[in-house]
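We call the chains A, B, C, D and E, going by the order they appear; numbering starts again at 1 in every chain.
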């Protein structure tokens, strides 16, 4: 029993980490720019495809391919931000919801046209395959890697936001946008950079997670609900909230599957409703 | 326009949809099953317009009521042997109303993303139930064996969909009449007041929350009826009536037509379904590309939807033909 | 070339007017191009088109028109509406296609009411063909692969665990396998049903691993989920823990094998078709496929179901000379046999209108640098759908 | 001794910050009373407590001798307390007539009716039109509220509240943001208000206050500094000091 | 005099501005020399805050001209104006609550004479509180922080909107001293919006009185201070 708890916690955390790396950008987009971006999964999908095509077609080694996923998706998102998103800042939530649904549809069709029907193929390097033996249980190496790597990224991100001037500028802009401009912060540029970072992280998460959440053209729609739950339950404009929420969902989902598979995803949704009724702004939200 | 300043007489243009439906029935008899499908989605969109367009509630979970209605009618027939069309409709309406009232009372205290997520989670839960409770619902295989007795003992649901089409048309007409009454009523005016400025509505002493729960219930009822119609026409219910996808689809249809203008709910589904049908024949693998582009276009350039474009064109034409009035407007 | 074509068509036109009005058989072809498993639709269509192209000349001047429609995934009301339109508006002689069980079930009443023969080319829940006397199936049932799988497994292993997708075919597979396995003296340690849309498999795999069965039977719809299952099976070290992965062939579909990588090596499955089968008819089929659609393309079991579906239709057209009276067509279908299908000899059971075929035990091996399902032995010959056989006995 | 509106020892603090400090305030029936004070004196907080937007920390509020300290905003409206907003709070996209009619319908209980057409509710429409007439807005009945010039929007703001037939009317800076040439018009309309209504006006425009009010209360730092007639207030040195910034009470 | 020959730090001519379609400022013109100091007086709601917000770029500019150091800026973005050298201390302070006191200062820093050390020297209280959150300090400290934050941008023009509002007398004294020091010691032009007219007049050289979005008086501060009757008439009512 105890050892199965360890396994459930382990897999739940690995899953939660991926969810967090993908969703944290969404929390920032919605918290900072007030944009309800249902199309966030598109960036994660793009990351997965970049990883797989770079590795498969150009023989790029895994670490470099992961990095490319981050960089290319971040750059691509800037183009989208300038061309489309920026026109809808401050528009109503309905408008943003519909726009992002449109974007999902277009990108799903495009992904299918370019990459076909099969899931992005990810061949892990040998050093990330196999098992690690600890405490009498086996832990898949790749998931251990995911946990530590994501943790590294997350700490880096938190350090960036909490301890650097750039982070202070972002927080200032979230607090009082107009005042931030009054002290000389170019919020437009800042938003663009932050949007790119958030999207890049989604790309990174999509690439890293491609082995767990297979990346295929229907990806942005399939996982949308989970990304949204992470952000809504965690709370907008917060970094820690979605982290807790992602871990909660990862562990709860894994635990339900392990012990009560007949309930399916029922409990996760019920918990979401419960939490949101208890704290409508999410666990750590600063705004609704 | 609704409210106290409105002329509530039915304008000749308002008969156009019904004339069109009649012509459709006689001129395109081979398309009647597509027609019935469109009529059902018009009803569904109309129910959404009531809360989205008139009361300003954005939801990603309207399929909860549509699906509950669909399954209620289906289970009634396939499991309990109740094949009377009107009994099925009434039961679906009742169940959806109940769900609408209960969930409405819980979620309408929240706003924005939270509200969006709650509506989404509720329909997701229903989807899970429908999936898991397969002895009742047939699970992922769907519920087959649904039957509908001939209407009034006379009209059998035929292969050409004649009965189905007319039946849907009559139900839609009744619903349209009800919705039209509501939006031109003091209650409807009050709803537009809430959408426009909820704070002021509180200040003039309106119990805003209860009023919203009420209209949410009405809307849920109509969505449930639409779902039941779908079951009756198809003699089948599948899981696709629940969850995010149908909620998103109906939202898209309504927006395409135009929100909060009653007839947007008529135009949107027609355009969406016809475009989808046509594109899907041409490019079955990529048809949603076209829908996506259309959606982005509407959001960026035509916020009022298709009817909004018509309005703008009409205004433009009017201001050209009457230069004086526009001069006055700009002078102000 | 152009001149030739022109002349040919002119001659044809002349011939048509000379003999009689040229006959056209319209087939309403409904499959999934978008939505869940929208990747399977194109396999189906390509197979039908390939067969029609190969046998155009045998049709004796009868033209076959394929009206393709997208049912957008498991979307029964859409499928039903399309079927109705095809019947009423386009006046098709036959309905065909269908990936998903609910879609086939929703279309059944139309076939019955309109008396339109309906060739099911994929959907594999056993019960489907009982829903309309105008249905015939050229694909498979899950019982057909899972039952012999259970029989075979019960001889080699003592304990088993089953993991299936939570929908009709999954339930069939679970029941078929465990019935045979338990009849053969094996013990089921657990059965788990997984939602169709499921993100992370680790928890289920861990559950299986902790139960320590000899063998894990998996059924999930073909496609990317199968890859995910394989990966998780390997990631969690179930193989090293001594658990053998088996299943109906959907776990190692031919088109997904390259995606799975080495983790799939050694997986044992029972199925009616493998692209890697060495029978000459199959080699010819695969070669024709690659010639038509590109060297990197491989047909799969969906393709072969549709290919044989096209065969039964073409044979019926030939037999009835394009005069597709529904009842006569069904009579023809019921007695149809094809000893030379790419999957071996097949026929239709006149009683149930369901396919009768062989089932092969296969293992994933590396063939010429690529993974392939290699047939090891024939575990069942001319097998009827076991579920229907059991129903009869009741 | 029925007062239209009365507060007793009304206090409100946010944490350590006290914004209302034992305010005793009385509004006579039919009074024309003004509440003035420098920014941050606590006027808005006071009004918010009167209308029920904020709950007081301690003390009580009476409306026509009935205690309403803990009644909801909507219930106070039904008891006859109407207010206008400092920042125009109209149904911007709706016709001017409907802005008023919504309030009238809410008061008369018609608003929850679903089954008859709004425009055939003759009594509601007529009453609304009359009100618009009283405030000089009759010609604008069909325009959208947002298309009115700002001065008229302020009048409409008042008209909406009058639609509730309040016995007590709180006017929160009715002339705020009105261009100078229009503020006279607002005053003219205010002077025409029925004498049944007790009016409390919160206003910075001293022109308006001194011409309109019969009594003035000066609020400073959450406390009542002084109350009196306009001439008393005008001559009060403490008031002058507060406004010119010497005194810190 | 010599001031007339000096470059103007800020000049407005015929400015019309407001929010959306609403006009609040009508035909506002004035000019402030470099190193000058200007008090803007008037009751609440006459447009003083709107005037500062318009200079900073937060309102809807309708017509006219705004020049900063002889360059037109009315079409520049807010952050560009800030970077060009306009510092802003808004009425409600708008300290960033999720930033620490020190971060509030550094986030706005641009190189120049003002740095952390000098700001802490001006407001020693801030130095004691530097690790507190922006929302964990008292109102007076928030005001100091808002001023310090504006100074960290090393402005040539400082716009201050009621910096003495709602503060305890002892803090007001302290701030007044700091204001005097800023105005006299530094080569900084200051616009001070203030309800407490006399306090404002004490520290500035010139003064404007506004009523209903217009300027109704312009003159030397000490003259107005010396004539309380005139001041009362102008500021209160007539």
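General remarks:
Here, a contact is a pair of C-beta atoms (placed from the backbone, for glycine too) under 8 Å apart; a residue touches a chain by one contact, two chains touch by 3 or more.
Since the model is a prediction, treat every value here as computed from it, not as a measurement.
Within the contact network of the assembly, the step distance from subunit A to subunit D comes to 2.
Listed by label, the chains that touch subunit B and also subunit D number zero. When the C-beta contacts at B-C and at D-E are tallied, the pair with the greater total is B-C. Per-chain Cα centroids separate subunit A from subunit B by 33 Å. Chain centres here are Cα averages; for subunit A and subunit E they lie 43 Å apart. Between subunit C and subunit D the centroid-to-centroid distance comes to 76 Å (mean Cα coordinates, whole Å).
Of all residues in subunit E, none touches two or more other chains.
Multi-chain contact residues of subunit C (touching two or more other chains) are listed as 38, 42, 166, 195. Looking at subunit D, one finds that none of its residues touch two or more other chains.
According to the touch criterion at the top of this document, the contacting chain pairs are A-B, A-C, A-E, B-C, B-D, D-E. Of all residues in subunit D, only 51, 73-75, 77-78, 83, 85, 89-95, 97-98, 101-103, 105-107, 110-121, 124-125, 128, 141-142, 147, 149, 160-161, 163-164 touch subunit B in the complex they form.
Across the complex, subunit E is touched by residues 17, 38-40, 150, 173, 176-177, 179-180, 183, 204-207, 209-210, 240, 243-246, 248 of subunit D. By the touch criterion given at the top, residues 4, 7-8, 11-12, 14-15, 112, 116-119, 121, 123, 129-131, 138, 140, 142-143, 211-214, 216, 218, 222-223, 226, 250, 253-258, 261-262, 264-265 of subunit A touch subunit C in their complex. Residue ranges of subunit C in contact with subunit A, taken from their complex: 35-36, 38-39, 42, 166, 192-195, 197, 199-200, 202-204, 206-207, 210, 223-225, 227-228, 231, 234-237, 240-241, 255-256, 258-259, 261.
Partner subunit C is touched in their complex by these residues of subunit B: 29-34, 37, 131-132, 139-142, 144, 159-161, 230, 233-241, 280-281, 284-288.
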